[in-house]
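This structure is in structure tokens; I'll ask about it shortly.
Chain nomenclature is as follows: A, B and C, assigned in order of appearance, with residue numbering initiated at 1 for each chain independently.
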Amino acid sequence: MGQPARIRLRLPAGQRAVVAIPYVWLLVLFLIPLLIVLEISFAQFAPMARPPYESILRWAEDGVLRLKLQFDSYQYLLNEPLYVSAWFYSIKVAAISTLLCLLLGYPMAYAIARCPPTSRNVYLMLVMLPFWTSFLLRVYAWIGLLKTDGVINNVLLWLNIIDEPLQMMNTSFAVYVGIVYSYLPFMILPLYANLEKHDLTLLEAAQDLGCGPIRAVLRITLPLSMPGIVAGSLLVFIPAVGEYVIPSLLGSSDQLMIAKLLSDEFFMNRDWPRASAVAIAMVLLLLVPILIFQRFQNRTLQAARA
Amino acid sequence: MKTRGWFSRVMLWLGLAFLYLPIVLLVVFSFNASRLVTVWDADDSPTLRWYRALLTDHAVLDAAWLSIRVAAMTATGAAILGTLTGLALVRFGPFRGRAFLRGLSTAPLVMPEVITGLSMLLLFVSVEQVCRAAFGWQFDRGIVTITLAHITFTMTYVAVVVQSRLASCDDSLEEAALDLGARPAKVFFRITVPMIAPAILSGWLLAFTLSWDDVVVSQFVSGPGANTLPMVIFSKVRLGVNPSVNAFATLMVLIVGTGVLVAAWWLKRVEKRREREMRMAEAGQ
Amino acid sequence: MVRSRNDGNALEPWSDPAAEPYVRISGVTKRFGDFAAVNDVSLDIYKGEIFCLLGGSGCGKSTLLRMLAGFETPSAGSVVLDAQDLAAIPPYQRPVNMMFQSYALFPHMTVEKNIAFGLEQEHLPKAQIAERVSQMLSIVRLTEYAKRRPHQLSGGQKQRVALARALVKRPKLLLLDEPLGALDRKLREHTQFELINIQQQLGVTFIVVTHDQEEAMTLASRIGVMNHGQIVQIGTPSQIYEAPNSKFVADFIGSVNLFEGRLIEAQEGQARIQCDELGGVVHVDYAVDASPGQSVCAAIRPERIHLLREPPEHTGENCVRGVVREIAYMGDMSIYLVQADGGKVVRVTQPNIARVTHGQRIEWDEQVYLTWRAGSPVVLTR
């Protein structure tokens, strides 16, 4: 129903008012700010000015509006080794963390989905509970664990497994742990929502047809849970690329992630155009996964309505 | 024949241990007398000295008060805007600009926080400039700008929650109310809102939590002197472990844990009573 | 199954050319994109009728109903109720109420509040609302359930609340969307008669949408059969059943045998159809509106065919030989599938009159003769 050929263009007045409020809000506080970022990314850095850039638009003496675009910031992003390595490092960290989340989250979601219905909600609550406590504090908890004189090293030393403390803080390992720890619920929830709907008789049918239990899971459950895997992975990957707090607290200072670079550029160097260019580049980088995610979101909503 | 999957069960318990062990340790060490946090001082522990330190720290208390106000305003604003967005997207049928609104309302959900923060700050700076140039009027960034920014990125979470609830609700309820003579605005307040109230409430709580927790966006858009609690904690934590942060974390876990448990227990009770009543109604037929 | 309440001597406003219709639907069309859900429907409905719109899913009956309620706007055409054009009136101001298929009871209100909701919108005095609600509660026999919430009611009780909530507004027209669809079989029959009683008691005009022909047959004063967004036939239940005007209607209402053939003789008062798939000639004793040589179809109901072991004595023309292929025992009757000499499989039902039949019963693979009266088949040209 409702083919695009005959879309109702005008809503009744009351409904128009209802639509207008969030519409205007999002235009003014979300879209326009992004356009300002885009504008400033093409501006010239002017360290002495307040704010520290030259507007790309200016009135020339003859009363003509002149548009002056600077591509310096973007060129810098592509040529500066620090930046190039930060891009690759961010993607690498996000990808590896997503994979680890999937490897840990899939069996967990599977186990919850196969529990008796009464205990499912208890397990789900256990998974979600940490999410409701502070994100910052949960990351902080790992400092105490991973420090050179932290809990893990102390226990390992006490057990005589190691002779001297391991360097875990301020490494990529610590960043992986932090991201997996913080984003695990985002992986488990969509996976659970998907796995819970599976018909168990499918597995029994597969086994009845001579498929071993492990092969049955690999050939039936895994392909059917693909939508959950994609949704969960994107929910972890997208924010992980732009993660700021976790690498600042747990990561090393010689391997920077892109979000940290952006904030340093902005707060330390006060180079607004370059920070803006980093932001725009980040949006472009994330556009593909974001669009995939949005299509997914719409499809799930439509399925819920049907 | 039924492989109950010992592997996945073991993984479930390992995963839960992974999720909870750090929190448990955080709580335990909040009672540790030693300033070194992770080294247990057996002589003087357990102690409440870090709780005392926390509750007499004015910077923390001021920040907490600011954060509570911001979070409450954010949650309320986000609940209203998110509900309107969800209503428009699910109930109004096709209209011009619907796809655009849908895109606008999901984009902040996946936008990295640094970009949200940066773009908001740049907006506020521009508005400041315009205000100064046009009216000679100056304003400071602070509680207002933080709240506006928080509403913008949390309203989309509320919109998602409300949308999925509305989509699963029978729209003939609203049609029935119209049919019985209620005007659209009345239908919204008397039928739709009660119907999706649980979603609005959980959206409100979600927005509150996200705002209460946010450090990145706040750091960008706050002004001098306006420090939210996460900002204060972040700056403390950057310097290393700090026992009064453990004490604060313990309080948080206690409050949230109790809240969630009570809510879960209450929901379960309501559900059980409802089921019993439905069984009785069918049996008494 | 065929009811005679409105047949014969009873009021039949639709057969009186001077009668004014109460609801006049003319040329109503609803298009969704290129697809016409309702295509140029015109209908006259008279005061006090129970009019059933009958059709399969997707035939447009629900869309038509929703246009009457005001939830959909017609792409073309007009709806006039009691000399008032409904086009510009929003659903909340129409003197029309609807009973929803899902009942759509407000879960957060008691039975009483649900029923009072519509009256509160009219800003009536509290005392008057209370009186009308309690009156309505007693009509639907739910007085002691007034304080309950919808989830504390059984299916049949919910249905009665939905009915009461719509009727308490005293609408000029009540629309019912599959009113019995959500009830189990046993409850249905009882509720059907109750619905008719309440309708007669209050004198409200009903328009019922249903896909269930049995429901339509028992409830309706007249039935409009819909297919592909159009009304295919309008008539009383017995007209629809006994004199379908097309193969679609004949097949849709009850079960029927359709014999394709060619008209070989058409005279005043009788006609003969050569039917090769049957291996014989079908004879009818009334005039047929078709010319010889035209291909036509003879429709005959399974219960109008008689099954004989021996050829009938007076060899009328409507006699076909065949072999029993299948027998299904249904309790009150048995269904026989008989393959005629021409190859066509004919469905025949015979009532099981005697409890014990000593060797009388017709068995599989037996040769039998099928006969029927010349008045039984209906000759269809489309």
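One rule holds for everything that comes next: a residue touches a chain if its C-beta (ideal position, glycine included) is under 8 Å from a C-beta of that chain, and two chains touch if they have at least 3 such contacts.
Note that this is a predicted model, so its numbers are computed, not measured.
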Remaining connected clusters, assuming chain A were absent and nothing shifted: one piece
Chain at maximum distance from chain B, centres defined as averaged CA atoms: C
Distance from chain B to chain A - Cα centre to Cα centre, in angstrom: 17
Between chain C and chain A, distance of the C-alpha-averaged centres to the nearest whole Å: 58
Residue numbers of chain A (touch at least two other chains): 2, 4
Multi-chain contact sites of chain B, meaning residues that touch two or more partners: 184
Of chain A, residues touching chain B in the complex: 2, 4, 7-12, 14-15, 18-19, 21-23, 25-27, 29-34, 36-37, 40, 51, 104-105, 107-108, 110-112, 114, 121, 123, 125-127, 129-130, 132-138, 140-145, 147, 149-151, 154, 181, 184, 207, 213, 238-239, 241-245, 248-249, 259, 262-263, 266, 272, 275-276, 279, 282-283, 286, 290, 293-294, 297-298, 301, 304-305
Partner chain B, residues of chain C touching it in the complex: 69-71, 90-94, 96-98, 100-102, 104, 106-108, 117-118, 121-122, 148-149, 151-157, 165-166, 169
Complex contacts: residues of chain B adjacent to chain A: 1, 3-5, 7-9, 11-12, 15-16, 18-20, 22-23, 25-26, 29, 36-39, 81-82, 84-85, 87-88, 90, 92-97, 101-108, 110-115, 118-120, 122-123, 125-126, 129, 148-149, 151-152, 155, 159-160, 163-164, 167-168, 184-185, 209, 212-213, 215-216, 219-220, 230, 233-234, 237-238, 240-241, 245-246, 248-249, 252-253, 256-257, 260, 264
Partner chain C, residues of chain B touching it in the complex: 170, 172-173, 175-184, 186, 191, 194-195, 274, 277-278, 280-282, 284-285
